[in-house]
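Below are the structure tokens for one structure; questions will follow.
Letters A, B, C and D name the chains as they come in the text, with residue numbers starting at 1 for each one.
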Amino acid sequence: MAFHLDADKLTDLNSAARLVPSGGLVALGGSLSARLPMALVRELIRLETAELHVVGSAHSIDVDLLVAAGAIKVCEQSYVGFEQDHGLAPAFRRAAQNGELEVRESCCDTVLTQIRAAEMGLPFLPVRGVKGTGIRELHPEYGEVTCPFTGETLVAVPALSPDVALIHAPMGDRAGNLHLEQPYVLDERFAAGSAAVVATVDRIVSTQEVAEAGIVIPAYRVAAVVEAPFGAHPTSAFPGYAYDRAHIAEWVRAAGTPQGAAAYLEQYVMSTDEAGYREMIGEQRMAQLRGYSDSTESWMSLYS
Amino acid sequence: MAFHLDADKLTDLNSAARLVPSGGLVALGGSLSARLPMALVRELIRLETAELHVVGSAHSIDVDLLVAAGAIKVCEQSYVGFEQDHGLAPAFRRAAQNGELEVRESCCDTVLTQIRAAEMGLPFLPVRGVKGTGIRELHPEYGEVTCPFTGETLVAVPALSPDVALIHAPMGDRAGNLHLEQPYVLDERFAAGSAAVVATVDRIVSTQEVAEAGIVIPAYRVAAVVEAPFGAHPTSAFPGYAYDRAHIAEWVRAAGTPQGAAAYLEQYVMSTDEAGYREMIGEQRMAQLRGYSDSTESWMSLYS
Amino acid sequence: MKFTFDEWFVVELARTIRDGEVTFHGFASPCAQVAMHLAKRTHAPNMMLIEGAMYAVNPTPAFIPPTGNDAVLKQGAVYSMRFEEFFDAAVRGDIDRMFLSGIQIDRYGNANLTAVGGMPRPKVKIGGGGGGCNVSATVRHLSIWSTNHRTGRCLVSACDFITDVGHRTPAGTRAELGYTGGGPDWMVTELGIFDFHEGRARLRRIFPDVAVEELEAATAFDLEVAADLTEVDPPERSQIEWVRKLDPIGIRRNEFRPQELQRTFGL
Amino acid sequence: MKFTFDEWFVVELARTIRDGEVTFHGFASPCAQVAMHLAKRTHAPNMMLIEGAMYAVNPTPAFIPPTGNDAVLKQGAVYSMRFEEFFDAAVRGDIDRMFLSGIQIDRYGNANLTAVGGMPRPKVKIGGGGGGCNVSATVRHLSIWSTNHRTGRCLVSACDFITDVGHRTPAGTRAELGYTGGGPDWMVTELGIFDFHEGRARLRRIFPDVAVEELEAATAFDLEVAADLTEVDPPERSQIEWVRKLDPIGIRRNEFRPQELQRTFGL
């Protein structure tokens, strides 16, 4: 059965990350600097998971770390970078330019459409745009379909059903019910269109508490859930904590060279676990990130 | 612009019902005995609206009244009736058997798919089933499409974009933000795939109050909103009131003959307005229907 | 303990559910509805119960109401599926079992929920098929039932109109139609219980107060009978007690003609 | 009152918005983001402002943060669109205006957000186009901008890679491609402002500290100049005040090379 009906899916990070097969098609939840599944990303790197085909909309340090660790073979995202703030993603850019990474660049709406096809049990769906762009040429697997009513020819994209979707949520219960704040980005669609969700949550709470907050991803889509406090760090997981701009800057600086990227990975990932990671970040910094909502000034001070 | 951006869309029932053109394609919100847009249905009958093409999933007294009043030309629903409780819909059945009504019977999932095509800006979408059924033969407008990847041939259904969706909600604000309780049925999809929503609400509340309850249909899809207390009666609008089983039984009995149906329509629709309708139902009965949640016994007593 | 036929019938529908299955019933199906709640409380605690027109997951309603979308039917559920979430799951094959009925059913399990006499000019226009026209193609297993077998007009040699697909239609087999679901595996009527052998209904169990000849006479298609035909196993006392507790108003009885409600049995 | 070029640039982006339009900006676009909030507070109070990566409707954030999906960006919004709700609206033509940029832009308004040197072996791999590859086809009007015109490498004769479509690509015109959106109607750069005449960029306004020859030298395609070319109208004092109030951290400045931030003007 494709639904996951166990009453208790609480497990540890290592066991959860082992559900992601090397060579697998992996959907990354969240986007940009919010709710990226960083604890799982770090654990996949520790496990030396390799040859991943990752798919998502607009991502940043999750993809960049995985690329730096050599974990990704195919990158099918609509964007990888640090916006106008820190600019290009250094490891991603280097690997793409060196030909070490197959960048099968896509569009948010195309990824949405391909996941929807999987969710709807259809082998393909049409998209409105893409014709006339370079993206079309990057994707020999796309086809064409002619509308039987209007006669117009549209680009057809195949259903894309990830083996696993990695999703971080601020809270969830042991059964796997997850509450997210908006924007949900593609997470709802990934949950429905993937074979399984592997989730981390900042806090495991009672079913009652997650239901009152609002269940966005229901338990039966989730194969495993792990309590990973600050599991999205250095990205945000509202309402819990804002993103750690300084830490992201540290990565971007370090990753300017392969040696720097390797040193970062050694320090923050390979030589430690998540408890050790949080110790390196430090309780004082975590309190600052949690304190974003104390006042507009404290929020702005994180970014000034 | 297709979005409806006016800050104040509060109007009266008559003005709202006039937004439904005779001959128009009309989506009916709610389903079975819950949240049917009955105040609008009654007003459309008073206005002698005609030649409607109605679409929806599983409906009951809304369609049956409109059919009895001669307002419907084409009925494209997945079901019209009163379940195992009161059985067949008398006016609908009679008109279908007499050839006075074109019953273009459909399937919940096909209607969903056709509305989704409109919502997604696509001219068609494929459906998984329908092949081999009589429903396929009832719909010469369906076509076929071959998947460019798997080679399988699927039934293709055209986008269906209603001129107007009639939706009843327990609460909404003057801008048209609507809160519904689950099941939303097709109402979210109708709101997104139709040119406009015309809404009735049991209570007009502040934007703050509807936002706290949860906005299910956003204001910019809504062209007009009317305060119509008990506007779903004799169907339910939880959490406000349960459905009026006795009143529905009265309709089903009356509608057993064309004369009886006409007498019902004269009494409850043509000779009165919504204030008069509520007077006929009576405050005592309305209090009973609102009191469903006092105890399991009071709830059960409505149905025993 | 005395019990009535409607109670037993619900038990037999419940027995078609295997533990761990994701199971759904349509609206206007109180017997299937009560059966699902019964199965969940007895032999199938790990099933996922999707409550008909509410799409509520594993609710524990205080009673069964006469309409499929009364709010009592989501009591105790922490999550309700969106309409499209359910239909997508059904179409892509994530729903294990669905209950379906029909005013006419043929030996392949095709069902007519649309019209006696066919369309567009029906002799009797009935309600319609809800979502069955698509999801009967893709749900993994279908439990079919009828409470009108005895009339002789339900189990027909050919449906006047096919609303939901069984194992083969005049247009082809499920495989030929590209349908991914497994089709009907059980059919329960007020006279007996059928499985499907090579895609055709086969009588496996008969109620003790019914004669095979009587059942055969009420069946318009050639009756196929399993070599090991036996009487239906009696219900357990706890099952009957649960039926009464789950459906105190007795909404399930709406599905039966009065004579069936007169059938009583003892335990 | 003294003001800096980044402030004026935001004002010019805001002026491309008409009151009543449903308007959207992508992520990594702080100038467009501030411009939308500015327009909403000044000349376009009835526009519907969809906040980039949050999909929040008409929020009133206390400040602009350095990333597109910080929760401050939904402050004051009672409703946020789902991701798919926005993209469906954009694809079916319900979005009136979207802001788009690119590392390369050609005279037809095609934009490269993917790679200098093209794919699959880029000379410089940049971030990617987000959702523009589809929605540039269907959104009614596009406001294009660049803060890198002066480099001479942005307004190119042909993009190395087309991520978002303008008025025509080598594969055909918008009409030939079946695209329902109107394409770019304005392009604002740090040197001047273009409209699109017969589908080609045409210089309509020039900033007062820029010479036409200088702008022409920075433009790799043949410069078309409107007969009524004038200087850009100065901003209003209240517009500059709003820019400062809406973006107190000055996130908009991240889009400019240092020399542009030195440009100061007086009112």
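Keep in mind that, in the parts below, a residue touches a chain if its C-beta (ideal position, glycine included) is under 8 Å from a C-beta of that chain, and two chains touch if they have at least 3 such contacts.
On a predicted model such as this, the values are computed, not experimentally measured, just so you know.
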Labels of chains that are neighbours to subunit B and to subunit C:
A
Which of B-D and A-D has more C-beta contact pairs
A-D
For subunit A versus subunit D, what separation do you get between their C-alpha means, in angstrom?
28
Centre-to-centre distance between subunit B and subunit A (centres being mean Cα positions), rounded to whole Å
40
When centres are defined as mean Cα positions, the distance from subunit B to subunit D in whole Å is 43
Go ahead and note the Å separation of the Cα centroids belonging to subunit C and subunit D.
59
Overlap residues in subunit C, where contacts from two or more other chains coincide
91, 138, 180
Contacts with two or more other chains, residues of subunit A listed in rising order:
121-122, 128, 152, 154
Going by the touch definition at the top, which pairs of chains touch each other?
A-B, A-C, A-D, B-C, B-D
Touching residues of subunit D toward subunit B in the complex: what are they?
20-22, 46, 48, 57, 78-79, 81, 85, 88-89, 91-94, 96, 138, 180
Subunit A - residues contacting subunit B, complex
121-126, 128, 143-145, 147-150, 152, 154, 156, 158
Please name which positions on subunit D make contact with subunit A in the complex.
27-30, 53-56, 62-63, 65-72, 74, 80, 82-84, 87, 90-91, 112, 114-115, 118-138, 161-165, 169-172, 177-180, 248-249, 251, 254-255
Interface with subunit D, subunit A side, in the complex: residues 31-34, 57-58, 77-81, 83-85, 88-89, 92-93, 96-97, 99, 102-103, 105-110, 112, 116, 127-135, 137-138, 152-154, 181-186, 188-189, 236, 238-239, 242-243, 245, 296, 299-300, 303-304
Using the touch definition up top, name the residues of subunit B that touch subunit D in the complex.
1-3, 5, 118-122, 177, 192, 207-208, 210-211, 215, 218-220
